[in-house]
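In the two complexes that follow, subunit A is the common piece, with subunit B as its partner first and subunit C second.
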Partner chain A sequence: MNLIIISALSGVVMMFSGLFVKNNRTISYIATALIIFLSLATMCELGAKSWFNIPQAEAMLRTSVYGKLIGVILTIATTFYFVLSGKDIERVGKHVADYYALMFFVLAGAGILLSFQNLLMLFLGVEILTIPLFILTGAQKQNLKSNEASLKYFLMGAFSTGIMLMGIVLIYGAMGSFDLSVIGKKAQFATPIHGANLMGLLLLLASMAFKVSAAPFHFWTPDVYDGAPTVFTSFMATIVKVAAVVAFIRLFEGSMEPFHTSKWQILVSILIACTLLVGNITAVFQQSVKRMLAYSSISQAGYMLFAVFAFNAFGKEGITIYGLSYSLATIGIFSVLSKMQDITFDGFNGLARQYPGIAFALTVFVLSLAGIPLTGGFLGKFYMISAGAASNSSYTWLFILAILCAAVSVYYYFRIIQAMYFKERVSDTPVFEVPVSKAFPILLIVVAALIILIGINPQILLQYLYF
Partner chain B sequence: MPINYYIFLAIILFCIGVTGVLTRRNAIIIFMCIELMLNSVNLLLVAFSKMHHARALAAGAANTTAGIEAQLFVFFIMVVAAAEVAVGLAIIVMMYRNTHSVDINFLNRLKN
Partner chain C sequence: MFLVLLIVIPLIAGIVAIASQSAAIAKIVGLVASLATLGVLLNVLCIPNGSEALAYSKLWIGSLGANFSLLLDGPGKIATLLTAVSFPIIFIASWNNGYKYGHQFWGLMLLAMAGLMGVFLANDMLLFYFFWELALIPTYFLCSIWGGEKRIQVSFKFFIYTFVGSVLMLIGIISLYGKTPDASFSWKSFTQVALTAKEQLFYFWLFFVAFAIKMPIFPLHTWQPDAYEQSPTTVTMVLSGIMVKMGLFAVIRWLFPIFPEASSQMAGIVITLSIIGVIYASLIAIRQDDIKRLIAYSSIAHIGIMAAALFTKNNMGYEGAVIQMFSHGINIIGLWIVVDYIEHQTGVRKMSELGGLAQKAPNLTILFIVLAFANVSLPLTNAFIGEFLMFNGIFQYSVCAAVVACLSIILGAVYTLGLAQKTFYGEPKSLAAIKSDAPLNVIVALSLIVVMIIAFGVYPKPLFNLIGLVTGAN
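Entry: the complex of A and B
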């Protein structure tokens, strides 16, 4: 509850600070102070009760320990994002305070998605999450690419919302309630599964696959991520995606009992296989690092969907580790990318010679995304695949495919390392558009150290799941 | 009237909306088709609300509130759709200022 209420209030504070504060740097400082306060507030909620005790809301929002922990992860990732990319957010356009306000509103939507207990709240959470993103995508008003991306995102997002609503209504028609626990209880006794309920579940599955950009519903992702201002792509590909995956799990976890048969796993395994193949194979052919990261975020979503395949404790632990290590690594890479002049692989040429600190941190991020041992990304992938194997070991082909796809991903991720360390810089243009501050490489290395720490000792994170 | 009629009407409207989104090339018309989808959902919600209410009454409850949550849901959909219209039309206007067109065939700068 802390996350939802405080982030919504912070959004309002940011909107007003846009009126009264003229200096962009000050606005960034205010936003950073607010997000640090927000992460502290979510951490306080982890061990104790919420600051806001609203028993009447129990039917709508019910926070589990797991949801609280994911909330902490999201706010910590956002804190690092604000600190690392604050200067890039200031460069996007004139309305800096509004961008921060919109991002706080996105966090409020994420908070709802982590704890919804009613399909009405699912709908509201998804909308609060996505509507600010349409605006952020189109933040560069004169840039045609940004315009195009935001129009595409808007049309596709609204379309998938329509499909989601139809799914919700069909489930309501069959079950007579929007409450997830009531639906779950009723569905246990309704065998064979009611036709309208089944149709509704399939429509919900399609629209949620759309939101997490799982293939074959992924086609909007590369264009939108490519067209949006690079700083905001970072936010969309990490925090928003993790929140959407967690909502996906929560939606189908308790309530869809009759669906948990072998048929459900066939459906999800096809979804995962398509997502992994499309994401990884298309990413190989990209020249722009930004577009490559867009496809890689599709394939990472494929790994996270193993939790939807399995629905067990392994999957939850996996999402926790995966969410944090993936978000931090991607935020780190994007924070460097959004400062660069040339966002193709060639732009990274010779970076290690000029900026050894940044190059080292980037290497750790890339290793983590590719899933090399000792990094958080490896443990994330390990937990996800073992979650799948623990729930149903007859899907050997899927697990082998996942491991092979991780091997393929090494190719395109390591092109960044190759460019940084083994290629010479031919042109005289500077690597970065703006001079980077001295603190920036240190911060990046702190983030990289955090990723390695999770990779060595995941218990520091997972112990909170079992308070 | 049986509930079937309402379900068929809503599903036909929904399918018209989906077809329009997939086939039309004008951003505003696509937008109208999305609104049609949302409104077919509203219609179906109200019909189901009445159905569950009647069913609860038939089951013997004297003064039941069953089905009321679906009508509340309709208001939420209306409010959210209005918020979406505000953002969506702003995006379309922004697009129109730059390209002097709302045809989505112009949306091909991001393809490789």
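Entry: the complex of A and C
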């Protein structure tokens, strides 16, 4: 509850601060202070009661320990995002306070998605999450690509929301309730599954797959991620995506009992396989790092979907580790990328000699995304695939495919390392558009250290799951 | 506790070396740390096998059942001894090689050493996998930054090859983990996994491919000659001297105990492949003109014999292979030291452009000739002990295989003596003249190796004592 209410209030505060504060830097400081407060507030909620006790809302929103932990992860990731990319957000356009406000609203939407108990809240959460994103995508008003991406995202997003509504309506028709637990109870006795219910579930599956950009519903992702201002791509690819995956799990976990059978796993396994293949193979051919990261985020979503395949404790632990390490690594890479002149692989040439600290941190991020041991990314992938293997070991082909895709991903991730360390810089143009501050490499290294810490000792995170 | 030190000393020294920003300090840190590791290890080696002091365990990831657990057994003793002995020698031998960004070079070497130690000590499957990769990553950077012209492509090929192998192993680990009786990654739980014959075969191959790529066994060897050639020679010493032993060691520590039936059943195929590789690599070595490639292929041949001997699963083959792990490791490092010196002095690696080095460098020649004899496993050298036992083991398994494998001794003599003759004897070529005899540090490093070659060739008992009771084979 803390997350939803405080982030919504913070959003309002940010909007007003845009009226009174003219200095962009000050606005960033206010936003950073608010997000730090927000993450502390979500942390306080972990082992204790929420600050806001609203018993009437129980039927609508019910926060589990798991949801709270994910909330903490999202806010921590956002904190790092604000700190690392604050200056880039200021450079996007004139309405800096509004951008921050919109991002706080996105967090409020994420908060709802982590705790919804009613299909209407799911719809509301998804809308609160995505509508600010349409605006953020189009934030560069003078840039045609940004406008196009925004429009595309809006049209596709509206379409998928329509599908989601249709699904919710069909389920309501079959089950007579929007409440997840009621639907779950009724579904246990309703065999064979009701036709309308089945159709509704499939529509929900499709629309959620759209939100997490799983293939074959991924077509909007590369264009939108590429067109949006780089700083906001970072936000969309990490915090929003993790929230959507968790909502995906929550939606299908308790309520869709009859569907849990082998048929469900066939569907999801096809979804995962397509996502992994499309994401990885297309990423190999990209020349722009930004676009490569867009495709790689598709493939990363494929790994996170293993939790939806498995629905077990392993999968949940995995999402916690995966969500944090993936978000931190991607935010880190994007924070460097959004400062760079040339966002192709060549732009990274010789970075290690000029900025050894930044290059080291980037190496850790890339290793984590590729799933090399000692990083959180490895343990994340490990947990996800273990979750799949623990729930149904007859899908060996899927696990082998997933792991081979990880090997493919090494190819395109390592191109960044190769450029930074092994290639010399040819042109004289500076690497970065704006001079980087002295604190920036140190902050990046702190984030990298955090990723390694998760990779070595995930207990510091997982212990909170079992209070 | 001592076991932890074996990993921690090089790890911390590596970080210190990188942080020091000075090549001179990094070199001293490296030498001191590797000697300290050797000191600790020699202390540990006196403890008899199976003793409590040779195991260490601490809870790591509780919810997964993974422990930070280390164990030093017979083959582990040989492998760690090889690592601890080799690194000081490598550091001494390449003391004067000025590398650009030297502190990073020495630091990464030390990190690789920590990874290798971890692989040889880990007694927990997940931990083993961690170190397996940890050893790979510094090597990848070492090859790619300081290597030859084609370094980026070649080391990337090497990385992808080994990474694909390790992820296959990872699939095996995850699946077997699900079948362990107590959901744990410990060596013991993995050996207790009950598998049907068909499952054993499937998982056997998942693990074996990872190890076979590392060794490398024909036909998975194609990364190796390129990687050895393009890497800086100092790194090649680590790659060929120690890192390939990871594959052999993993077969002994993990593959045989987990899949006893499958490994016996598949022994025929593995031995055939290994022996094909031995003959194939020896024949190619004869045709090589580049010294580095020649030694690379000779290494494939030697490793092939070791793999074949291991898979015979009899005592002789097993003991021979373990002894040979050590002998081959130091011998080949010696050869690389000579190559490194020649390359630095003359700037060429082609035998056709070299010749008559003996006239200017008599000391180097004498040491090299002893190394060459060891490479063809002449009696009284350490390699003879291992090879003799291994051929005996292979002979017990199959006479036919032994006959074909023995050809490798003849072929080995052809290319090794050819190498000695073309580079050190004959008329000196004007293009690639060597100016003086090897400097003190090279002579010291080579002498240490030569002393070990002869000492263990005459009196190998200390090594056999280290192996102790035969546990892996039956």
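Here is the rule we go by: the second predicted complex is superposed on the first by the 467 of 467 C-alpha atoms of A that agree within 3 Å, B and C clash if a C-alpha of one lies under 4 Å from a C-alpha of the other, contacts with A are read in each partner's own complex, and residues count from 1 in each chain.
In the analysis below, a residue touches a chain if its C-beta (ideal position, glycine included) is under 8 Å from a C-beta of that chain, and two chains touch if they have at least 3 such contacts.
Remember, predicted model here, so these are calculated numbers, not experimental data.
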With the two complexes superposed on chain A, say which partner A:Ser386 touches: subunit B (first), subunit C (second), both, or neither.
second
Subunit A residues in contact: does subunit B have more, or subunit C?
B
Quick one: is A:Gly227 in contact with subunit B, with subunit C, with both, or with neither? Answer first, second, both or neither.
first
Tell me the contact category for A:Val308 with respect to subunit B and subunit C: first, second, both or neither.
neither
After lining up the shared chain so the two structures overlap, which partner does A:Leu136 touch, if you call subunit B first and subunit C second: first, second, both or neither?
neither
For A:Ala407, decide between first (touching subunit B), second (touching subunit C), both and neither.
second
Which partner does A:Glu317 reach: the first (subunit B), the second (subunit C), both, or neither?
second
Intersection of subunit A interface sets (partners subunit B, subunit C):
none
Report the residues of subunit A in contact with subunit C in the complex, numbered from low to high.
317, 367, 372-374, 382, 385-386, 389-390, 393, 396, 399-400, 403-404, 406-407, 410-411, 414, 418, 421-423, 457-459, 462
Touching subunit A in the complex: which residues of subunit B?
7, 14, 17-18, 21, 27, 30-31, 34, 37-38, 40-41, 44-45, 48, 51-52, 55, 66-67, 69-70, 72-73, 76-77, 80, 83-84, 87-88, 91-92, 94-95, 98-99, 104, 106-107, 109-112
The residues of subunit C that touch subunit A in their complex are 60-63, 129-130, 132-134, 137, 141, 144-145, 151-152, 156, 159-160, 163-164, 167-168, 170-171, 174-175, 177-178
Seen from subunit A, its contact residues with subunit B in the complex are 120, 123-124, 127, 131, 134-135, 138, 141-142, 144-145, 147-152, 154-155, 158-159, 161-163, 165-166, 169, 172-173, 176-178, 222-223, 226-227, 291
